[in-house]
Every structure is written in structure tokens, then in C-alpha cells.
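When the chains are written out, they are named A, B, C, D and E in that same order, and each has its own residue count from 1.
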Amino acid sequence: QSNINNSLNNKAETSSSSASNSSTIYISPGPTPAFTDNFNPFNGPWNSPAGIMGLMYEPLLQINTYNGTVIPWLATNYTWNSNATVLTMHLRQNVSFSNGMKFNATDVVYTFNEQKNLMGQWSVLKSVVAVNQYEVKFTFKSSNSQYLFYIGSNFIIPKALFSNISNPLKYVDKKPVGTGPYMLESFSPQKIVLKANPNYWQKGEPKIKYVVYRDYVSSSALTVAMQRGQVDWTSAFAPNITSMFVSKNPNYNHYWFPQGQPVTLLTNDALYPFNMSFFRQAISVSINRTQLQSIGEYGYEKPANAAGLLSQQLNELNSTNAALAKKLAEFNITYAKQILEKHGFTINSKGRLVEPNGTVMPTINLMTIAGYPDWDTDISLIAHDLNKLGITVSISTPTQATVASDVTSGNYQMALDVATGIGPNAWYDYSGLTGPVINNGSNVATNQERWNSTGTGFMTYYNNYQNVTNTTTQGKYINHMASIMLKQMPVDYLVYSADWFEYINSSIGGWPTAKNPYWIPMPWYPGPNEVVMLHLYIKHAGTNNGLSAYEYYIIGGVIVAAMVGTGAAMYLRKKKIRGEE
Amino acid sequence: MNELIRTENLTKEFETRTGFTGISKIKALDNVNISLFPNEIVGIVGASGSGKSTLAKILVFLYKSTSGKIYFKDEDITKIHGKSLKKYRKEIQMIFQDPYASLDPYHSIEWHIKRPLLTSHYSGNIDDRIDELMNMVKLTPPEYYKNKFPHQVSGGQRQRVYIARVLALNPQILIADEPVSMLDVSLRIDVLDLLSKIKNELGIGIIYITHDLNTVSMVTDRIYVLHNGEVVEDGYTNTILTSPHDGYTKALIEAASDPYKRI
Amino acid sequence: MDNSAIEIKNLNVGYNTENSFSLIIKNFNLSIKKGEIFGIAGESGSGKSTLAQAIYRSVKYPGEIDSGEIIFKDKDILKMEANDLRKIRVTLFSFIPQAAMNALNPVRKIRYQFYDLLLAHGILPEKSNDKIFSVLKMVRLNESVLDNFPHELSGGMRQRTVIAMSLLLNPELVILDEPTTGLDVLVEHEILKDLKNIQRKYGITMIFITHDLAILYEISDRIAMIYAGEIVELGPRDDMLEHSTHPYNFLLLKNIPRIGVKMNNPIKLKGNPSNFNENFPGCQFYERCPFSKAVCSEKHPDLKEYSNEHYYRCILFPEWKQGV
Amino acid sequence: MEEKSNLNGKITYNKSKKLNGYTSIIRSSLATLLKNNKSKVGFILLLSIVTFSIIGIFYTPYNPNAYLFKFSQPPNFVNLLGTTGYGQDVFSELLGGAAPTLMIAFSVGLLGTLIAVLVGIFAGFTSKTTNAVINAFINIFLVIPGVLLIMLFGTYFLGIHQNLGYLPTIIILVITGWAFGARTFRSITLSIVKRDFILSSILIGESKMSIIMRQIMRAIMPVIVSNFFFTSMYGAMGLTFIEYLGVGNVEQVNWGTMLYWAINYEAYLTGAWWWILPPSIMISMLMFSLILLNFGLDEMANPSLRVFKKKKRDKNE
Amino acid sequence: MKIPIKYIIKKITLFFAVFMGAITINFVLPRLMPGNPAQVVYSEILKSGGSGISPVYLNQLEVEYGISKAPIYIQYFQYLDNLFHGNLGISIAFFPEPVSTILAQALPWTLFLVISSITISFFIGNRLGRYAGINRNTGKDLAIDLFSMFMAAFPAFVLAFIILDLFSVYGRLFPIGGAYAINVNEGLNIPFIISVLYHAFLPALTIMLISLGGWVLGMRNNIIPSLNSDFINYSENLGFKKYQIKNIAYRNAILPNMTGFAMSIGLSTSGVIIEESIFSYPGVGMYMITAINSLDYPLIQGIFLMVVIAVLVGNLAVDILYGFMDPRIRQEGE
């Protein structure tokens, strides 16, 4: 058994290196210490290297979170019942897994039910049943039109291979089998090679036969590799992308940094003074977001609007909301002071903010994760800004784990973090901010800012949104929600995080660009990256990297000769010394 | 007159581990019985390794004996510790072999003599007492030496500083472990004379340890000859040196150097 | 002078210190006869070791030989090529330094230290085991010591090993600097006896240095007393013993305690040893001499002949002797 | 008899008239130290770094924390050492960051040495079993790699204490840095305690405390100073290390955080040498000065390393 | 050759005492760290769009990761029991890979890097120190001393960056990272071996330069007294040749450096964390950083344990070797 494996591996290696000249793409999803030899889909799509699962497993639908475009994938289409409680998926026929097994409804039903059992996922679903071999019915406990995104993006797992495994969650899957365009060819912690799946259901795809994931440990190593053209597709942060990457080969080296989720200043709304919405507003306008962009975020991350929508989704807002969203995110310290003074706050002779009852505003703590240099800079800038408003801010940068646990348990005053949800329309952006208000001290999953929306009517619109599938009605609801958000400002939106994406188009073409933003471009994003991958094609043979075997033998010879020479010289010298005297 | 100090079958074994299990014992002292009277100098002679220093260190409680008893003025002190040990130590003091190592190089001579006065809570005028002591050991004039450091005086003077230091406690017994073997010939006599002098003037009992029979004959009244931890011969110095009984003693006498002899 | 084994002429040796160069051995002249045991005595710090090292030309920095000649086998040792000097060491003359117990390499078995020595002089060690055995026999050591490390041997055995090594290549002259200091009385006595036997048997010339006057008188044929780097008295052993011409020798002899000899208040030296003052114009011994007079502090005395081969450096002789 | 130089003229009497108290000991050791050329250079170097840091406390050309300039400017007349990738003035950071860096280095040196001395002397002066236990304890700390401890403790402190300034950094470095000294002090004490002059003090009834304070401490003074230098070096290096790993307080300005930000900005890839080299060079200068000072100490404690210039005089003189 | 049994027993006892202490610290430390890995992973998933997940999953994760809520002493005994059975647990950051697998993969690289570079630097450093010591107080001595002091004084990671920059980023002479080239096959073949050596060169050079100073200065300061020692003087008196004398001095002076050698092999095993991350070398150092960031207790403990064992065994080995090399120790014990 192992012998066969070995010879297979060796064959694969040689074939891959011979193939590397013609039809290979080199990908790095970003710095990681090493890859893990486990491709169990039950562990989620995030196995290292991130994104690789998306090339081997496929979802029912491909949904673009930037703009909501849906591409039918393993499902050819879907239908909702009228009140959005039953979703029916019509599956694609003639799809098979990479080992030749046919794909059908049993796999879909197994995937969802097993995840529901094992992980407590899909608790909103009442049942998932196969209507027939190519039709699956998802019944919800209540109206849930927005679950289409989650259900559609979920990777489908082959039942035949997993149903016999006692604990699929702990299973180490070294031979992944999915419906995707690629199959695992060889693994090492530093390099993973994927080979085109010959049985892939999209005929003629994939056009690139080999995918090589290379491991770069540090971002600097990755940057240098990019400079040298050793990775074709990556997602890396580099402080000055033009001088560090583009300028090295301006014809071929390109980047596009679309704007992603907004970075938020989480305020603990259960605590004074953040329990007052005007205070949150005042804070929002006293932050200089342009400075955050230029200093903290190296100029890449654009200021966010106050409504908290993805920049790609801003067109969903009506003009009033859009104007307000812009105004409330603009740096205007006078306006901030006006807001506060209107509510009885004053500024004393020392420039400190004084509460209506006469006490000086105590020091407020602002934290973010240690080791994220941009955020670390951001919070010191914000502290500076708030200081101008008369608020003393102490900053701290604990570990990621501490921030995570403090924020979930409400043990913080202000924190810089990402709190919004992500999805194909504005409703998802708010999904992270809503949820039951739980006392500080106990853990929450969403609504970590502990915003009490009772009385604002927000939740009505939020919930109703899920009952409808009609986009016009949805647009109306979004604007209602946005105007409440702008009044309430449960969190302050700062800048859009950049979705790093760099590519080299010397040998490979078909990339999404700012001009042709056909899909989400990051290689680490499993699902979307498959769509991009299938757009790519080989322009002409790429460059070879590394030395040939002959060169290695020559170098080896030189080293041995040098060693022998030194040894002999030392021996002779020693002999001479001893002979003397 | 009664003995100042007396030992009864004093035995000392040192343990050394050999191999995984074996513990071998070295008998450094084997049933040693000695005694010392006030106003006398008793010599302990023996070759290297015969247990002389071990005996001295047991008597000042730097080592614990394995068995046997020690009597101080007829009082059994074998097991004393703590306060009573401190009290006893005032009565018995030891002079070390190497005067270059027994004084702290970082402290002045005055300090060395002053410390014991302070630790024993001397009641009189400390400065006067220091002068008195320094005169007694012929470090004159005291002012000249007080502020010097040990490395600034000769070996013989160091030994005298040390003697002044221990005399400051008014001990009744002095144990001198080869006090002159590191000194030049021209200095030895001085120190030995000093020992005789303090014995005579203060009535102190002195145990003088040496391998040099020549000096023994000069200062001691009685001697014990120690060989491999055992007392092989004891008695009045003159008697033993003129008519030794034990072979070992004879060998020692034969080996004693004498410019008038020839090898 | 055919009869002389080694001749020292106008030797000056000193030490570099932080502020100055201080001469320890001053204008030293001495001739040693073939086949004799020549004893050198003096107190600690009088320059005995410095002198011995100078004779062997092994003075180490900060010490330095300032000037002089040392004629050995018609050649001036001080002017020899370093490599030539190296070659005659142990083969023609050897030196056993003070504290020789520490002179063995602690991490090498005795056997290999012997082999190294042979190698250094171009002799293949494998064939020379007999030589090593015989020299060990000479110093009455068992062959088994060869397989020991130095620390496994007692002080006396180490001392004997060092002596054996120094004698290995049959030198004509051996310089011994305090070869028995630190040893047990009995051992010391034995080694001295052995040394004398070897010397007599093989006719080796020996320069024997010690501060222990008694031992020196026991073993030497001729004796030089040095004080502050100068010879103060020099002569055949018996003469020196019976007819002291310098107070230093005289007083030391008187001050040596001896079994069965009661000392009744001997005249003692004054002051402290090694209080040498280079710039003192008079007799170096002035401060310590109980017989000194004002004249002594004015002029440095020269070495004068008392009788055949017996010299002294004292202005007051024989004046002082009459006082005793 | 005149007062005159004795024992090879090394020590003269008049010099030693009132050599009492630690200050004079320190003064005289300093004098000995400065006789050595290497340590003289080290001393001057250290002195200038300290001066530099003191200036930095009171004056920096610009606010080192503020983002005032164009990004990544090479050295020019406005910004003597250019600007950082964030627009801070590098020279101001270097000047302002000197004092905290030195403060950390020397606090670590001081505290680490203090603990090492206490533990070491205690171990050397107690019963055999206690000594063995302490020895094992010291060995544990010696054997466990400091880097791991720094990372673990660093993350720990990051998690719990947010406003302690440099205290966590100092604590971590002291925890990981005391053991070497303790081992040295333990073995030195063990050997000193067996010396006759300590036995003698025991015999005349000195208390242990008195012996430790009056005699042992004084005898090991050069070692203490040397250990202080070493631990301070460890403190300076450790600081850069802690900051590099990002487990320190990266919002404060010191030479370590300067390196942290420079490296995070990939200053070496963007060619911003003026940002990364000055703090590195200052740190190595600091280390260098301490190493040089130690050289002098070594020669003080170990005379065989000492050399004098040849001063051979004319023999006719 | 006689075996210094007493000495060895003493060292082994100390070994176990220290070992127990170390593993206890190893147990306690990660547990002192705030936060819990399940929560980190959970909030990551939440943010990356996996909103289908309910808080039940958090408990699930906690169980999966083996985050125990049992009393600490029970956990301690479980930990000891697991250790005893060679079970180091399952990594969280690289879930569900067992820690032992990760270590088996990473440790050889680290050991290779450390042992080769420290050995070379030990050799070169001692030689340089010997040369400096023999020619002490000459220009050569000063040059060597200053060079090695400067190397010791420079922050390690800056040196690493400079070397990487000079030779690799700008110089393009060496690869910028990794353990071997992408196009060679793992195994005992010449391209692989050469590629490994080629990739190890820069990190090894850095470690070597950093550790060089210690050896040089140590050797220099050992050999100078050794050259002045009685037995060297005596060897000169015996007419030994120059090279013999140098060798004798060297052999005596190298002994104290030997203990340092073991120490530094172990210490560097963790010290290479920086070099490994800068040169992207796939050793334990890199895993360590990830493990700490993601609160991967089992991996932290595993690495810690490995490193401690490496240090201890190295120490023990050299101590025992030392016992054979320095015959004096055999009797004295310490």
C-alpha cells in the first residue's frame, strides 16, 4: 500500500515539475507558518492554505458578497415559497466527485443534516429533505430569506465517504474528494500541488492544469517572492505596494485592493457614556478618518460611511441617508462639540470634557489586538483625536485572544475590531450588530456592542426583511434601517479594510481588475476564488524557477572539491608546522 | 588543676561515595584522647593527613565528631549548639595555618581586631583595648598598623594580627594549626615566642599543631604524636624527643631537618 | 674555566610594574662547578626564583632579563636562538620550577606527557619506553603511574614525576627551585635523599634553591645566601656553617629551632622580610641587621673574600662577630 | 621607618588612608577600571549614551509620537535622520526613546543582579539540602529557554495588564535574566565561605548577616558590578526582542519599538535604512560599551589578563 | 578509562529534578494565559461570514480542543499521564494534526540548523579566540575582539535582516527563504541535499555570527590564563615545540567552553525563532509563534517540552563528556 503511494507520489512530483513550465499557477494565500495535511470539509473551509478547499469542494451557488450576483453552481436554480419558509434547490445533473462517484441530493441532505447534528449549525432549519434525486427542500422554522446566502455557499461533502466515519469532525482527511476543479496531488508542509480534475463537470475547465500553493512564512518573504515573480496570485499586505511590487515589473505586476468590511470602533453601549446615542455620534465626527487612512492604513483603506454599508453596496441608500452617512463620518470637531454642548456637556479651562453634572469625564480605555501594526497605529491616532474633544483615552494592545474574550464578554469600553457581518447585501452588514442585549459579563456572539434597539423599530425592519424576497421591498427596509442606524450609531465605522489582491499577468490572464471587477479576487476566499480560478488561462509558458538537476550536480561537485582542497591544505600546513623547530 | 579541655575516644569518619552503592569511610580520627591544662602548650605532631586539622576543627565545632566526647572544664559539651555553642566559642579560638588566607583582604587591621570586641559586646573602651592588644602582640606603634590592609604587612605580622584578633575574645584555649609553617625562618621564632608569651602572661592553654618537630621542641610542654588518626605516642616533649618508643615517631625525628646534619 | 658548569656574569633581572621597572637581581655573578650541589638560600621575595628562571632563560613577562651573560657550554644562553635553546633544554640542562606539583598538564595521562616530551626532542616515543622506565626507577616510582592522571597521584608522586621528566634526557645540569616545599616531612626527607643519590651516581650538577636553610645545609656542597637579589655570603657548606661572615647567615642559622637544642633568647632579625628598597644607598640588610651601624646606611658593601672561595658582603665583618 | 611602597610598589600606604565605606571602594575600582584602555572607551561611550538620553528627556526637536511629516523621507536638514513610514521624525524618536531604553536596561540589570545576589549568596550559605534545592531551581531557569519564557510571559502580561507601562517588560526580563548571575554568585559564595577568613569570622561569633554584608558582598563586588553590566546588556537586548515579538508595549517610544515599527513597515525592503539602522546602532553601542567595561572588570578580577607597558629602565640609572 | 559514576549520578539526579520543574512550568504557564482558543476560532469564523453557526458550536469546539474544566490538579495528573504515554495532544492551530506529527516535521529542521551552525561557530570561534589569546595585545587580537564583541552586541534580528537584505533581496545570491527549493524532491538525492545546504546557508551564517562572539571571548579569556599556567611554563621548560604548547593550552582552555556548547545548542533551539521567521525556515520557531498567537496550548507545551529536553539532554551529554574529558572532575564531583 505505502509503496504504491510512494511511487505515485514520486511520479506526481516529476510530472508536476515537468508540467510546471507549461500550465501551472503559483498561489500564496498570505503568510502562514506551514500547511496542514488535512482537508476535512467538516473542519470548515479555512484549512491551511486558506482557499484551497474552494478549489476542491463546491457550493450550490456562488454568491458575490460585493454586489449580490448569484451564479448557479451545483444547483441550477432555486425557488422560494411565498413567505420565505421553504427553499427548494434544483441540482445540476452529470456532476461527479473527483473519484468518479455521482453527485446528487443525498450528498446535499447529508451535508446539512450532519453539520446540524455535529456542530449545531443550521439551527434555523426545520428539515432538509430530498424531494427527488436532484431536488432538495430546505424548510425553515420561520421566514428566513437571507439564509439563501449561507446555504448556497456551503460546501457539499460526499456522503459515501463520510457516512462510515465515526467522528467526521476529528477525521484527518488526507485524500480529499470533492466536485471541484482540482484534486490533491501532493502535500508537503511547504508546498501543495493540485492537479486538474479530469472529471470536472464544466467541460474544458480548468484551463490551468496545476495549482501550486507555496508557503511563505513571513510577509517579507512573500513580498520578495512577489517581486521576483515567484507567485502569480496572492493576497499580501505591503506598506508601499507601488515601490515594493509594481515598480519591479510595471508591465506585469498589478494589484487591486477592493474595499471590504468596515473596521469598527466598538463602543460598549451598555456603559455610560456610550449608552447615549448622541455621544456615539459625537465620537464618530471627531475621528479623522483620512488620517487613519493615510497614516494608520498606509493610504489603502478608505474612510467608511457612517451607515456601515460596504462601499459596493452604498447605492442601496437613498440620497438623504447617503448624505447623512457621509456627514456623520466626516471629521468635524466643532460639530462634535456642538452635539455634546447641546446635551449639557462643557469643556473646562484645561480642555477636558465635563459632564452635565459637573464631573470631568473619566479616562476611557481603547483596545485593539497586539501585533496588528495598522490597528495599533489607528488607536493611537483615535486617542489623539478624542483628546481634542476633551476625552482622555488610554490605549492598550492585548493579545487577540484577550480582545476576543473581552469583547464577547463585554469587558471593554472601546475596542477597535471588525464587528459587522458579511454578505451579498446590506442586511448582512447589520447582522453582526443585532441580537439580544445581554448584560456585560456574559458572552455574546453578535451585538457585542450591546446596543439596545428597543423603541427604535430597527428590529422590525430587520426581521421583516427576511420575510420577503422582493428586492424593492428589501431596498425600502434597508433605508429604514440605515436611517435608524445613523441616528443611533451603535458602533462607529472607521475605514474599509482593504481586500489585498496582487497578481502577475505575464503568463496568466483573466484576472478580475478594478475595471472588470467580475468577482471577489482574494485567493484565500474559498468559493469566490474558484470562480476566479476558472476565469484564468495561460497566456504563454511561465518562467522556470529553481535550478535544474545538472546545475545541482555541478554545485555539489564544486563544494566537494572545495572541501577536499581545504582539508588537504590544512593537513599540509599542519605537517609543515610540526616539521619546523 | 583541672583540664581545660579533654576528649574521650574522639572519632571522626568522613564518608565518600564510591560506585553506585559503596560508601567508603575514612577514619580521620580514631579514638583520640587528649587533654589540655591551663597555662601549658600541648603539641600535636604528625605527618600530612594524620588528622591534625580535623581534630582542631572538631574542637572548635567546625566539624561534628562521629563519636566520642569533648569535655570543657569537666562539662560535656559534645552536643552543644546555638547559644551555648556561641558562648563556648568565646573560650576557644583557632589560629589558621595560612596567614594570607585568614585575614579578609578588604578590611583593615583595626577592623579585624575590633570585630570580636563588638560581637562579644566588650564593655570597656574599645580603642584602648585595641591598642592594648596590638601592643601585646608587638604590633607597635598601633597607629602605624591600624589602617593598613593585610596585604600591606608581612606574613609574621599577619599572624600576629590574627592572634590579637582572637585574644580580643579573652579565650581560655587557643588552637594553633601550623601557625608558622608558611612563614620564613626569620619570622617563625617571633610568632612562637609570642605564643609562649601569651601562655605565660594570660595563662591560656594552647594546642600547637605542627609537623615540624623542631618547633615542637621549642615551645611545647607535652606532645601527642598522631598517625593515621591515632595517637601513637604521648608524653613530655623532652622525653619523647630524646627517647621515642614508636617507630613512626622515630621516623619523624629522623626526618626533622637540621643544618648540622648531612643527607 | 673548564671546571665550571655554568657561569653567570653581571646578570640583571627585574619586573615591569605599573609605574616602573624594578630590578630584582642586581649585577649578579656566580660560577657553578661541575658535579656539585650548589645551594641558594634566601627568604621569600629575595629573588631566588627569579634568578633560577633567569639562568634557564624562562623569565616570563612582566619579568624581564635586563642584561648579563650566562655561559653554559661555551655559549651565552641569553643570546641563543630560541629554537636552539629549546633543543638543549632537558637534553643538556633542565629546570624544575617552584610548585612543580602543579606543573603537569591536568588533562593528560602521565604516559603521554612523557611521549610529548620525547616528541618535542625528535625522539619516537614508542621505542623509548625503557628510557622512561629507567628514569622512573631512578626516582623510585612505579611504572603504573604512567596510566594515571596527575590529580590521581599524591603530591610526592607528582613531584617525583616532574623530577623524572626533567631527568629523562640525561641533562648535565639541573636547577631545582624549592623542589620539596609543601610536601610532607617524611616525603620531603626521602626525596632529598633520592636526589642526592642520583646526583652522586650520575655526576649531575645541581642548583638547589630553597628558603629552608636547614635543608639547604643538609644537602649542598656549596651555598650562596642571597638577600634582596644579591649574594651576601657565598662559600663551601662547612665553612659557611662554622664561620659565618655575614650576620644574615649567622642569625638565620641561630634561629633555626633544632630538636633537643634549647634556644635561650637568640638574637633576632629586625623588621620585615622583603622590605627591599632599590634606591637605598647603603647595605640592603641595614634595616634588619641587629649589628648595623651608621656607616652601613651610607655605602653599599662589595663582595669580599674571606678565605678560599668564601665571600661575604658586609662592611662590619669581622667587627660584628666579636660582639656575639 | 618611613611610609614607603611595599610589595612590588603596587600599593602605596598614603593611598589607603581612609578606604572605608563602599563609595570609596567604588571610586577606587572606577579608577582601576579606567586604567584599562578598553574599559575607558566603554565608559566614555556609556557616558555619552547616558548624556544623550538625558537630553532626550528634556528636549526633542519634534514630538516623537506625532505624525508630523511626509512619510519615509531620507535624512535632510529638517529631519536629521529622516522620517518613518508613518511620518514621525526618526531623530526625535531616537533621542526621546533613549531614556526609556536605558531605564529598562538598567532596571533589569539592577533588579536581576539584586535577585541573583540574594539567591546566590543564600544558596551558598545555607545547609546542603537547601543549597541543592536552590541549585536545581536555578538550573531550571537556566535550562528553560529565555525566549520561550519571554513569549509566554509576554503574551500573559499583554493579556492582563494594560496600563503598567514598562513594568511587565522589566518583570519578564528579570524573571528570565537572573539565573545566570545567581549561578555565578552561588559558586563564588560557596568557594568564599570555605575560606579561612570567613571561618574565622564564624569562630569569633559574627552573625551570618554580618558576614554576608560586611565580607562576602565586598569580596564579590567586582563580580556584582560585572553581573550588573551583563544583566543590563541582557535587558537592552531583551527589550528589543520583546518589542520585536510584539509582546511589549508597542505604543511607547524606545529603541525596541522603533525597530518593531520599522520592521513591520518592512523598512529594510523599502530601503529606509535611516529608520532601522539608528536604533540598531544605538543599541549595539550600548551593548558594546557595557562589554568593554566588562573587559576592564575582568582584568581587575583576573590579574593574569592584565598587562603593563614595558617600562624597562636604563640599567645605569 | 574509569567511569566517573558518582559524578554521572549527580548529574542525572539534577537532570530529573530540573526536568520535573520544567514540565511543571510548562504545564502552568500556558494555563495562565488569558482567553481560550475555542473563542478565538469561533469569533474568526463568525467574522468570516460563517453566520450559520450557533453558540452551541463554541462548546463543541471547546470539547474538541480538549479544553478541560476539571480542577487544575486533576488536569496536571492527566497531563503527566499523557506525557508518560507520549501523548502530546492535538494541535489547535493546526487542528486536528497531532502535536507529535508537527514536531516530527519541524524539529529536524531546527536541529539541523542549530547544530550545524553552532558547531561551526564553536569551531571557528574557538580557533579565533585561540589565535587572539595567543597573540594577545596585538592588533590582531584587538581586531578579533572588537569584531566578535560587535557581533555579540548587534540585535540578532537586525543582523538577520541585514544579511537577508544584502545576500538575498538585493544580492540575489541566496534564496529568501524556505528549507529547500520548490522543484526538488524530498529524499536523499543530490539536488535535494544541495538545495537544503543552499537554503540553510544564510540562517546558519546569522546564527553563527551571533554566537561567534561568545566563543571567541570565552576562549580568549580561558587561554590567556592557561598560557600563563604552571604547566605551560613547565612545558616550555621541557623544550616543547610551539605547536605542542599551543595545543596543551588550547585543550585546557576549551573545557569550560564545552559546557557552554551544550547550553547554547539547547538555547539556540528556541533562539532560532527569530531567524526562522525571518528566513522562513520551517522549524519549531515558526510554529511557536503561531501556537502562541492562537493559544495552541498543546503545541506550545509540545515545543516547550522538546526544547527543554533538547537542552537538558545536551547539557547532560556534555556534562558527562566533560567528566571524561576533564579527569579532575571525576573525583571532585562538581
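Methods note: contacts are C-beta pairs under 8 Å (C-beta built on N, C-alpha and C of every residue); 3 or more make two chains touch, one makes a residue touch a chain.
Bear in mind that the values here come from a model prediction, so they are computed numbers and not experimental data.
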Centroid-based (C-alpha) most distant chain relative to chain C: A
Pair joined by more contacting C-beta pairs (A-D or A-E): A-E
Distance from chain E to chain B - Cα centre to Cα centre, in angstrom: 54
Distance between chain centroids, defined by C-alpha means - chain A, chain E (Å): 36
For chain B paired with chain D, centre-to-centre distance based on mean C-alpha positions, whole Å: 46
Whole-Å separation of chain centres (CA-atom averages), chain A against chain B: 86
Two or more partner chains touched - positions in chain B: none
Per-residue overlap in chain D, given as positions that touch at least 2 other chains: 6-7, 155, 159-160, 268-269, 307
Contacts with two or more other chains, residues of chain E listed in rising order: 33-35, 169, 228, 241, 289
Touch list for chain B against partner chain C, complex: 47-49, 153-157, 184-190, 192, 211-215, 217-218, 238, 241-242, 251-263
Chain E partner contacts - residues on chain C that touch it in the complex: 56, 58, 60, 86-91, 94-95, 97, 99-100, 102-108, 116-117, 119-121, 149, 151-152, 162, 165-166
Touching residues on chain E, where the partner in the complex is chain D: 14, 17-18, 21-22, 25, 29-30, 32-35, 136-137, 149-150, 152-158, 161-162, 164-165, 169, 221, 224-225, 228, 263, 266-267, 269-271, 273-274, 288-289, 292, 300, 303-304, 307-308, 311-312, 315
Chain B residues touching chain D - in the complex, by the definition given at the top: 60, 62, 86, 89-90, 93-94, 96, 98, 101-108, 115-116, 119-120, 147-149, 151-152, 162, 165-166, 168-169
Chain D residues within the chain B interface of the complex: 6-7, 11, 13, 16-20, 25, 195-197, 199-207, 210, 214-215, 218-219
